[in-house]
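These are the structures, in structure tokens.
One chain, chain A, links the two complexes that follow: it is found with chain B in the first and with chain C in the second.
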Partner chain A sequence: MTEYTLNELMAVNVAHQLRDNEMGFIGVGTGGRAFTMAVGLPIVAARLAQLTHAPNFTVQIGTIISPDLKKIPREFTQSTLTSWPTAARIRADDNLDMFVKGKVDVGFISGAQIDQYGNLNITAIGNYIKPKVRLVGCLALPEHQAFAQRTFIITDQNSRTFIEKVDFVTGVGWNVNGKTRKDLNLPGGGPTFVFTDLAIFDFNAEGHRMQVASIHPGVTPSEVQEKTGFPLEFPKNIPVTTVPTAEEIRLIHDEIDPENILLKY
Partner chain B sequence: MLNSRILSLEEAAASIPDKSVITMGGFGVFLQPMAMVREMIRQGKKDISLLSVGEAYAGDLLIGGGCVKRIALSSFGFEAVTGRARNFCKAVEQGKVEVEDYSHFSMASRLMAGAMGLPFAAVNSLRGSDLLEKIVYEKKFEKMKSPFSGEEVILLPSANPEIAIIQAQRADSEGNIQVFGPTISIEQQAKASKRVIAIVEEIVPRSTIQSTPSATLLPSLFVDTLVVLPYSAHPMSSYGYYDYDLEHIYTYTNASKTPETWKKYLDEYVYGPSDHFDYLKRIGGLRKIMKLRADPLLGY
Partner chain C sequence: MQSKLVSVQDATKTIQSGSKLTIGGNTIRRHPLALVREIIRQGIKDLTLYVWVAGIDVDMLVGAGCVRRVEAAYVGMGPLGLASNVRRAIQEGRIEYEDFSESSMLARLRAAGMGLPFLPTKVLMGTSLADHASHAKPIICPFTGEQLYAVSAAKADVAIMHGYYGDQYGNIQWPLLRDSDDIDTVIAKSADRVIVSVEQIINPQAVLTNSTMTYIPHNWVSAVVETPFGAHPGSCDGIYDPDMKHLEIYSEAAKSDLTFKKYLDEYVFGSAEEFDYLEKAAGLAQLLSLRVNR
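What follows is the complex of A and B.
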């Protein structure tokens, strides 16, 4: 049996959902675990998709479009992005066009809090004006969730992050305060999947509540429910998350991330 | 064209009144006017409102220096290192600084509208977000039906800061400003503002600018004051000139963990240095500068 890490399991499953000729938008991110979730893991998934079933999948990372994923830099900052061979570098406000015009097929996003409708909070925990914990702000999360054709949420799961109601709605999922995406006239396709360290979720057709799509090997349904602050729907026969093939792991280790920069944390 | 006035860093900072609404160019670890921020702290600026996009380092230092009343950014995240912008986060958590949040593109749109002389920007990405509902400091948005399509749109006021402080690579003595690498919202920030102070690494001959006119992001018409100071974005980067200083960024983020270590940081790197060149000595001098210096052929 092929050995793999949890991050590799998640990255491979994200890759399986990417389609040929799509463009994914990845932020620039910070460091540590947040970097892996928001930047490292999506880049591995994108390159893996290119090397397997979706050779023409491409990405926009911050203000650069279609960087050469054969030449992934060792660090991710505005500086290294600047010297990364790429097809285009655009202005910050031109970024908006990419979203508004529906050019972003897949938005890779993450958050500090998430609720059952996929509403995300990256702004403040507690009272907004005088918060218990102040967070990063908004970034492009509202644009991702408003305009991307599909958004993939990648985050760690526990009962503090998966909660009934987020303290601040930075980006809108399927339903906020009883208003649906249709009510709000949001053109994007809404949250499609949530990839966590325990399971993969999607959203049910009726009501768009989060439901279990598959559970990672070795994780129990009760553990998943325990670490979720709202009641989850489980399918009758709960699928086990697809494990990586030997070839997928070889590609990640040998070709995509040989120095283990992208999935380190 | 009208020449920009060339001033020293100290003179340019002295021209920024307390309570000014300012914007600063740059993003992430890239092109933030850090020497100007340090000088503003030294001069004891008070009640500054900063309205920008992703200038978290400049904003965090300005807050740590006690200069800020209100801050409006779309990213308060530090690039390159783990952890939050602590001076900013603590100040907000303790109710010492007023904060306004925007998404990247709602802020970029406000600046773009300001630069184009339009009264407002129409933005549709904020529908349903608490960004619209939890704003307290000023009326920030209005909904209206488009008179053309009938679609409901969200209007945000255009941003017209009093002063833009722009960090750039080079200019000629007239003040034609060239920027290399990502330009983010720098052009819009400058054009939206009533007055522009640009800080450049070096003055180059007019002929150098003339032979590369497409790199001129801001013609001197838009630039009121020019400051010439090498390594003035440090510890941020200036593409083609020098990289960001990760070692110093860690010194900074570690120092911001407690009031005592932060006070020491300010004494060592802000209040202590007799001028910018003394600051450069304290961060490692020529040895550090050679390490950060860009390879002229390969960029960084």
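What follows is the complex of A and C.
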């Protein structure tokens, strides 16, 4: 049996969902665990997809368009990012225009709070005007949720993060206060999957509520429900998340992330 | 072309308390921090800041009590996490704050740069941003009938930004290879006056023969200032990396009012001018170690 880490399990499953010729958008500028989820894990997934079933999958990382994923920097600093071989470095204003126009196929996002419709909050916990905990603001999370063809949410799961109703809707999922994406005139495809340390979720066809797609090996359904602040729908026969193959793990260790920079935290 | 080269002190003196200010750069990269420190030294207060993806620039001004209101898409310290002075000031209700997304804040700055009162956007539909924003109002497209939001122009009195190179006339140039993740040209167009600090003043002849590298021309600029390591402790992409050693000192100090006051007393008020600051905050050996190999 192939040994793998939880981050590798998540990265491999993200990779399986990426399609040839798509463009994924990855953000920049975070550290620690947030870096792994928002930057490191999507880069590993993208490169793995390139090396397996989707050779023409490309990414943009901030304003860097189609960087050479054969040459991922060994550390992420200002100078390694600036000198990373890439097809283009466009201006951030041009970049946002293309995003808003719908030219991003897959958006990789994360959040401090998520609800059953995939609404995300990265702005403030508690009252907005005088919050209990003020967070970073918005960045391009509203753009991801409004305009990307598909968004993949990658986050750790606990009952403080997965809650009935987010305190502040920074980015819109499938439904806000009874209004659907269609009601709201949002052109993007909306959240497609949620990848966590416990399970993978998608959204049901009728009400677009979050439902269990698969549970990671060794995790029980009651554990997943316990760490979710709203009632979850489970399929009759709950699938176990696909585990990485020996070849996928070899690619991650030997070719993609040999110094364990991207999945370290 | 007339020389616009002035000292940091003289450039900053023209900024009035109560002004609306916009600032170039991104998170901990290429902010005009020499100008920011001089604003703090001169005791300029009551500022309204229109910024995009901001960081240590806004955090320092808020921590020094120079700011009344912030409108932004982000204020954070990149890999160092949250901007603690801003977080505390919001949680304690000491500043007004209005959030926008990256494209809607860009639209507000663009509207100002185009001389328009507003631009339309779809991005706010359904978000709590729209519920709280005083600068976003629902509108119906007169051509298609679809629902949109109008976001108002964020028109600043003064833009301050840090460039790579410039001549004495205020022609600001970028290098061949740079990090492009900023909206400095939009920010320059949005304000009534533009003050640019640069790493190095270069020979005007070098500008004339490489004119496509000029991204901010002299006729947009009111004053140009030479501030080597003027983005320290942040980076100036292509020239030097961020000073993580000093940024950690900064981030630690920013965690309480008391420790941040000590930080300002030591590094900002305790340095009569920028060369004193650079010696105290880093020293020559540390500064040279930050330079990017080319």
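Throughout what follows, the second predicted complex is superposed on the first by the 260 of 265 C-alpha atoms of A that agree within 3 Å, B and C clash if a C-alpha of one lies under 4 Å from a C-alpha of the other, contacts with A are read in each partner's own complex, and residues count from 1 in each chain.
Quick note on the criterion: a contact is a pair of C-beta atoms (placed from the backbone, for glycine too) under 8 Å apart; a residue touches a chain by one contact, two chains touch by 3 or more.
None of these values were measured; they are calculated from a predicted model.
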Combined model on chain A where chain B meets chain C, clash or fit: clash
First (chain B), second (chain C), both or neither touched by A:Val39: neither
Chain B versus chain C as contact partner of A:Glu75, first or second or both or neither: first
Which of chain B and chain C A:Tyr128 touches, first, second, both or neither: both
Which of chain B and chain C A:Ile256 touches, first, second, both or neither: neither
Which of chain B and chain C A:Ile114 touches, first, second, both or neither: neither
Overlap of the chain B and chain C footprints on chain A, listed as residue numbers: 28-32, 35, 62-63, 77-79, 81-83, 89, 91-93, 96, 99-100, 123-124, 128-143, 146-147, 168-172, 176, 179, 181, 184-187
Contact set on chain B toward chain A in their complex: 27-30, 53, 73-84, 88-89, 92-95, 99, 101-106, 108-109, 111-112, 124-131, 134, 136, 151-152, 181-185, 187-188, 237, 239, 243-244, 298-300
Sites on chain A touched by chain C in the complex: 28-32, 35, 62-63, 76-79, 81-83, 89-93, 96-97, 99-100, 123-124, 128-143, 146-147, 168-172, 176, 179, 181, 184-187
For the chain A and chain B complex, residues of the former touching the latter: 28-32, 34-35, 62-63, 75, 77-83, 89, 91-93, 95-96, 99-100, 123-124, 128-143, 146-147, 168-172, 176, 179, 181, 184-187
Chain A-touching residues of chain C, taken from the complex the two chains share: 26-27, 29, 52-53, 72-76, 78-83, 86-87, 90-91, 93, 99-104, 106, 110, 121-129, 132, 146-148, 177-183, 185-186, 235, 237-238, 241-242, 292-293
